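Chains here go by letter, A, B, C and D, matching the order in which they are written, and residues are numbered from 1 within each.
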Amino acid sequence: MSTLNLHGIVPPVVTPLTHDYKVDKPSLRRVIKHLLDGGVHGLFLLGSTSEVVFLNAQQRADVMEVAVQEAGGRVPLVAGVIDPTTDRTIAYARQAKEMGVDGLVVTSQFYTRTSQAETIDHFSYIKDAVDLPIVAYDIPVCVQLKLARETVRELYDRKIICALKDSSGDEGNMRMLMRDFAAHPDFAILTGSETLVDYAMLGGAHGNVPGLGNVDPAGYVRLYNAAKAGDWNAARAEQLRLIELFEIVFQGVPHTSPNASGVGGFKTAMYLMGLIENRHMSRPNKVLPDAAVEKIRSILTSTGLL
Amino acid sequence: MSTLNLHGIVPPVVTPLTHDYKVDKPSLRRVIKHLLDGGVHGLFLLGSTSEVVFLNAQQRADVMEVAVQEAGGRVPLVAGVIDPTTDRTIAYARQAKEMGVDGLVVTSQFYTRTSQAETIDHFSYIKDAVDLPIVAYDIPVCVQLKLARETVRELYDRKIICALKDSSGDEGNMRMLMRDFAAHPDFAILTGSETLVDYAMLGGAHGNVPGLGNVDPAGYVRLYNAAKAGDWNAARAEQLRLIELFEIVFQGVPHTSPNASGVGGFKTAMYLMGLIENRHMSRPNKVLPDAAVEKIRSILTSTGLL
Amino acid sequence: MSTLNLHGIVPPVVTPLTHDYKVDKPSLRRVIKHLLDGGVHGLFLLGSTSEVVFLNAQQRADVMEVAVQEAGGRVPLVAGVIDPTTDRTIAYARQAKEMGVDGLVVTSQFYTRTSQAETIDHFSYIKDAVDLPIVAYDIPVCVQLKLARETVRELYDRKIICALKDSSGDEGNMRMLMRDFAAHPDFAILTGSETLVDYAMLGGAHGNVPGLGNVDPAGYVRLYNAAKAGDWNAARAEQLRLIELFEIVFQGVPHTSPNASGVGGFKTAMYLMGLIENRHMSRPNKVLPDAAVEKIRSILTSTGLL
Amino acid sequence: MSTLNLHGIVPPVVTPLTHDYKVDKPSLRRVIKHLLDGGVHGLFLLGSTSEVVFLNAQQRADVMEVAVQEAGGRVPLVAGVIDPTTDRTIAYARQAKEMGVDGLVVTSQFYTRTSQAETIDHFSYIKDAVDLPIVAYDIPVCVQLKLARETVRELYDRKIICALKDSSGDEGNMRMLMRDFAAHPDFAILTGSETLVDYAMLGGAHGNVPGLGNVDPAGYVRLYNAAKAGDWNAARAEQLRLIELFEIVFQGVPHTSPNASGVGGFKTAMYLMGLIENRHMSRPNKVLPDAAVEKIRSILTSTGLL
């Protein structure tokens, strides 16, 4: 295991917002308590699900402050330091270190079109600047570059990264990576998928970063524990229930973008469950329409969460 | 013409950097003088060519401060306020207004996957927040969304935008847009292409935002003037010379990403011409290798710039 | 000029079909007469607009038989020999030679994912097998591979191809190609665009392969002649009228795929103009709905064709 | 189970070729015997791995003739009838029925850009024309259209298809499909992946169509049987060995296209194992270079096949 001991269920924590788009700290405390009560093994602050690219420095500081207070020392806290380019990412990395998180989550550059070689330099400069463990975050749908198998290996060999969050959707490549790293258990590979966790665990993944884990952390912990115990029938059954629950992310489309429909689905469910005060998303995203709310309520009921 | 009177050659100004990655103000002053001496009709600060997404708020302020001092009142100054999402863009838009520029250049959201409807809301919120004319910047290669023909029209009809910088590479769609807006001369359409300016002018474009205009502003002004005068033979001849010059952007590849090769080509040329102190780019981009420098020197010579 | 003397307006001839999906020879004769009466400089049989990949060997033979009878010797006749892979393409190339056409139009392989090197071999094997001039057809939207600038050059230098039909939509690359070949007038470059013909002619193109030329060949010939004469105002005016006419291709969407909407628009217009007996397309494409027909009738009227 | 009883390991049979590109029938007989001896549950003739789009009608007939003779009645034989458009596909479907196969494998249209609605019509027309069970083949990397979840469902509900071969690489969507069809065991879902078979079986897949199964059918049958028996540790161990073996498909790149590298890897291995006379592929694909052959020999040795 890496110094971070990153493993198990590490939800990307949703960021509750007030009516005037500030971080809703009481709601965030409730969310973190809900996650810890659910038995999660770590928290990933300021990931894509948190609306991180919508949040300014103050909002990001607020999120980390609350999380460190609520969870610090109990489970590893990693924070996304996601911004388009290297030195702007370093500024957020310094902030994250000051706020007391345990590790950083870093993507490739975006908006600017980059290359594997420049991506390696990007990670290297960040590592040089800020002494915290780094989790590489492979999310080509957002940044337009897929981390090559060779890039991940070089970043590990040069001791720049200690873990990978794979949200690429390329399960075949992730499977080869897990095989490549089988003899290097200090490198943690976590899947970003909500619906293929039993698969990934069978393949040797160390854990999972499920956005849907905000809604049902205990379900994901049960899934993880069953898989760790080799009880694949139980793991699959839990996964199937969670796939049913995952339908909440599709209720906004086609009128809402997939991104807003997904985060909107999580926030709507958490609102209906009494975890957050309201279901606002950052502008320009709009709250889901009433029909979607009713559909989500019905899914929560049928999956045992309401 | 719009209140901005945006037309003609409006180069996206390169941002010279010092060895420690601060804005190199003396070099920037020389660049702006070079552009104004070349006869350009406006300046586009903080565009993609300026490395805008690499620059923090201080660097962006420095660029605008120098430009307003050097050029303010002589030609329209528009500034890119490019950041992933709406409210972060608004923060930069407020900064730009305070710095005294004449208009804003705004892209769709990026990193987050968005839709045409959310993009319309994005522009609308920015317009509501900051009272400056807005140029829509269509650059799908960076933001992954192409502004639909209908989106541009709705933003114009709702008086949210007054101009379009089209860097989409979709000349057919831009042609249809120019036809759509033929009866609305208050809406300015400028092409972002360096190599198809005579085409765009023939099609009715109001101007051009050429990165290569940093190197040879006078050439682009000659091209524009010839086209305006209907002297298409002269326009084409000048365009062909500039296409030859444009080869400077390909000298870094394949070892350098296209983005770094392009900006690196411009900076190398401007360095060889004595306009900027050094040819650093923002990290992680590296200066072009020696072989590329020599090739660029030779192109500058053959095109009459050295 | 190449041995083919391919230049000017070379429409990709639509294939009229009977109710039972045979080639409607009388209608095809009328179409070819219409094109020749319009003054076109060549005919491109069995291109994408002809529904070539829907047609079997008998249908292809029927098309070539009629065209050679009607037009043979009056203008150059080139025929698409479009099939997924090399040897199947060669079989169609042999058929085309037997039918008496003057040249072949060849794409990259498709369905199978190929490379620039394999594409060069593909063209080379076809040239070795069948002694006819070859036009390279760059249409990445159909075959998923863009012919690289270097590939086109190598195929020319090795005397494998004598012309290029560029339907890639990458006007910047086509412009560089035209500059590359400026000293090689035996290599003909034709644009596949309906809406950017004046642009391409200004850039040095030798001609145009407009699907819309089936509907209004005389309009495209006027456009070509004006451009050849350097009367860019007249060329632009004709182009703008043809852009208005081009709206007929968008009337089927969103319910119809862009492909069926485009060919359906051409066939509907030709039906309304009395050129073809009915407006059937190959299965599974459906005739355009009544609302589209009325819209197309109205466009034909406003552009002077009805 | 469907009338086809398609399940288990159904390799897409490689097509051995002679030096003059005819079907090498003795080699094909050896391959089929090798597969049946390995215990496979069905044969998929004329799939992508068979170079189907390179083969003409005679070659396709030869393949089916040999296979029906060697395997007819022992296991289900399905045949790809892959061609760009509907009626040309129907012609191959009629041929396949005449040759005596048990079912057809059908993709969406390609080259022509199509839609979900037109794809449904495409399958429907084929079903109407030829009375054989149809397996839908989802392979967007070749045909550019992904079969939507709703499309698969409609094709099933209308009794047009009885099975799906999913080679889309979208494991999340396939997982949702398997959940959708959990109550419909007459619909068979098979994965086209070589490296994620244990995953797919855990998710409820009925079987697998592994190109690599040509090389090691017994290994895939062991994997399938272990998974069916719920022995996931054994399944995973076998899968890991097969992932190691799968490295044979990467030995040609970057000089060879991924397609030719993959089929070339299979043919080279089968040649080294004495199954086929030579390792030719259809033109323009070239046999793999010597270095690749040696690497493949070494992989075969380390995985116990040589």
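A few points about this structure:
Here is the rule we go by: contacts are C-beta pairs under 8 Å (C-beta built on N, C-alpha and C of every residue); 3 or more make two chains touch, one makes a residue touch a chain.
Since we're looking at a predicted model, the values are computed, not measured.
Counting only chains that touch, the fewest steps needed to get from chain B to chain D is 2.
At the interface between chain B and chain C, over half of the residue numbers appear on both sides, which makes the contact a same-residue one. Chain centres here are Cα averages; for chain A and chain D they lie 36 Å apart. Per-chain Cα centroids separate chain A from chain C by 50 Å. The multi-chain contact residues of chain D, meaning those touching 2 or more other chains, do not exist; every residue touches at most one other chain.
A complete list of chain pairs in contact reads A-B, A-D, B-C, C-D.
Residues 21, 48, 51, 53-54, 56, 82, 84-88, 91, 109-115, 117-119, 121-122, 124-125, 141-144, 255-260, 282-286 of chain D touch chain C in their complex. Interface residues of chain D, counted against chain A in their complex, comprise 169-172, 175-176, 179, 193, 195-196, 198-199, 202-203, 230, 232-233, 236, 240, 243-244.
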